[in-house]
């Protein structure tokens, strides 16, 4: 069953088009990712889908209902977590959760159980009397998620929930999401972290309001035009400069710790071309080898193909 | 409207209020402070007018005239020797408001055909006060003049015709005619107007600014529930402020409450709903705390003090301004409180004002609910 | 690239800062050489921001000592401010000013002499790629551009030491790459860069790393040293078509401390590195016949998680708030 659907969904703010004719659909129980940089239109899309912002064109549907005209009904069924921490800093963890439980009309035994369950799996139980403003970044996000989950929604919309959160808290957060997936909750997440994007069943790359590509991580990698080549180097920055000169602007080159990494496009054996480019260097470089592309390679490849130039 | 969600908002808002001791202290202290400041400073009574007397005659007759002035409760008399120059300086400095000059031939001319000239020099800068002072001086001199006439007639053995008019004034409602009794009830109304709008002007804008509104509008919460829920703690705070103001009127200013206390608080409750929601409406429309506070200040302070009839009588304003005052809810609350306080009037007399306050409340609440949109822009 | 005979850029010994009862930074000691890129890692609320604030002279230490750019932390706070550049998570630019007005403002603040202002300004505009947009309102710049402008404003006065507090949060990979190349370029010309980040790929580009947790330094060294020496336990990489199921299953196995998704693979932390074969057979019994298990050098994220997860109650606030 289709849970979320966007049809030519658009939103402009004055002259700026924040989201431009977006089309996508998400199945029930799917973990779908919206990936893009700051200003790509992720937050606007999340807001349009959750009904807190009206589109200027097109239409969004959640659980078969048009978002614009049936926002009230949709709000009972979805959990939405905004990008900015949206809870009350002067209220305690427990008070924030209670407030949202009341708003969603969760009461009686179901409420007691749900609150206990959320506190347990978010690890917030020992902090229930702490003002939300005094929680760490990771804890705040988990509290935000708990409040969005209080009514056991079928659809969860999370706007960059792990932004600025440390790796440990991020892992905890993802554990909670996987648990929800097993309960067949549809999760729609936006992120700027590409290593996280590998976890999505399907994802959409958004750039300047437009959908660049959509599919499973594997399909997106398979569609990457070019081969990813890596080489160790003592002077990766100089190596990058050399490679850029040799490979041309169509092949973006980046530095990854002690290595250079290039998305090699065009004819010929990619590794050979890299080796040839580095062979004349005055500093030692390792043998170039073809590596499996990551989603970051895919994203960089798409952006550079779009802009026409490497950064 | 769902009662439970409304209650959830009310409880949450109460926690915010309770956890912000500085704002809470201000909300309680400010009305009391304003009562003290305005209650003591604003006096419209003209008595103890400083009067300089230059008695150039120095006769028993002139001294009697001076005694008439100093004996009245309206004047405080001081002597002067330096002549017109000193009088001019005293008036210019504001040491005295008026000066009485009795010429040296006063006694001689008293019996004469032209009458004795007595000069009153008056500082007319404050025209209202000058008019009152002039009236007082006229009464004192007329009485003196009448008595002298009687004495002269008696000495000559002539019977004067009796006074054709017997004037019997009786003052109602504010028998002692102290302006305080008139000012304090109005002051309570105006203070409550200003305070109420200030109390609520932050509440919605703050949620937009701090980002707590976004998740809120993605829940089933309805605008009516938000507006009414948020009203609850501020209403309680507002009623506490009314109580403090009334207590201050009673204990510090001894203003008599003639009418029913229940009616007073009932009317205050009706007014508060409107005034508090007005503040919230500013907050809803402005979406910024700074703008909302400024709107609340400008939209309540100025009309509250100037157009409510609290100090400046509405009947003496130009007709268009009079019409404008009809739009100021504080106006009805001012006359309601005066009615209850001074006239002991009941609801049957005050029904007009009361129903207008209800209308004000209904309109503002309705407008706020309509204006609050569960959408970002 | 290090300064050699010259004094290190940052030296701290037993640096401590308490807020009331709460010790945000607890006897921290480390050294950052000149021209080094030093990555400062740690969970939210671990004391990163508090440390940076002390190093920038914005907050005085409760105890301990240190120097930044050769100046004493306790006595030379104002001098330190003249010799460092600081860029915070929230780029401290004025949105209602234009690009150029922002640069002018910061040039004024840092007292850049009038005769050099033009040249410095040009350099910053060129570096940030903002030559054509110098008259644009800052509010309308894309995030990546703002971030480069903020960096430009922080280095207007050519500071020998640069502090960057999560400079790349929310910036897309292309811009991140470009930003890091800039950082490397500056390091090569002798600028010392002290940077905090939550991105482990960025951390691996640093010359040296310090990991702080609960106010204490728990690991210090090059990325290589951290990966090889500080990991508690060994890491197995599991590849399968159903990684989430594998992660859940793995955590039930004896000898597996934790399992988490890593890209499209699963990293399992085990006590015994030789457990790969037995783990593979257990997975196969559990219905994941396609699973392959190999021991690997831990990633920085593995190290981070293993060091931090050990002894902390989450939710500890970082000093005056959170980081």
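So that you can tell them apart, the chains are marked A, B and C in the order they are listed, and the count of residues begins at 1 in each.
In the analysis below, a contact is a pair of C-beta atoms (placed from the backbone, for glycine too) under 8 Å apart; a residue touches a chain by one contact, two chains touch by 3 or more.
Everything numeric here is computed off the predicted structure, so don't read it as measured data.
In the absence of chain C, the touching network of the other chains holds together as one piece.
By number of C-beta pairs in contact, chains A-C lead all other pairings. Distance between Cα centroids is largest for the pairing of chain C with B. If each chain is reduced to the centroid of its CA atoms, chain B and chain C end up 64 Å from each other.
In whole angstrom, the spacing between the mean C-alpha positions of chain A and chain B is 62. Separating the centre of chain A from that of chain C, both taken as means of CA atoms, is a distance of 21 Å.
By the touch rule above, chain A contacts chain B in their complex via residues 47, 50-54, 71-72, 75-76, 78, 80-82, 84-91, 95, 98-100, 102-105, 107, 144, 147-148. Those residues of chain B whose C-beta lies close enough to touch chain A in the complex are 2, 4-5, 7-8, 11-12, 15-16, 19-20, 210-222, 374-376. Residues 42-46, 89, 142-144, 166, 169-175, 177-178, 180-181, 184-185, 188, 198-201, 204-205, 223, 244, 247-248, 260-264, 301, 304-305, 308-309, 313-318, 321-323 of chain C are the ones touching chain A in the complex. Residues 36-40, 123-124, 126-127, 130, 133-140, 160, 163-172, 174-175, 178, 181, 192-195, 198-199, 217, 237, 240, 252, 254-257, 294, 296, 299-300, 303-304, 311 of chain A touch chain C in their complex.
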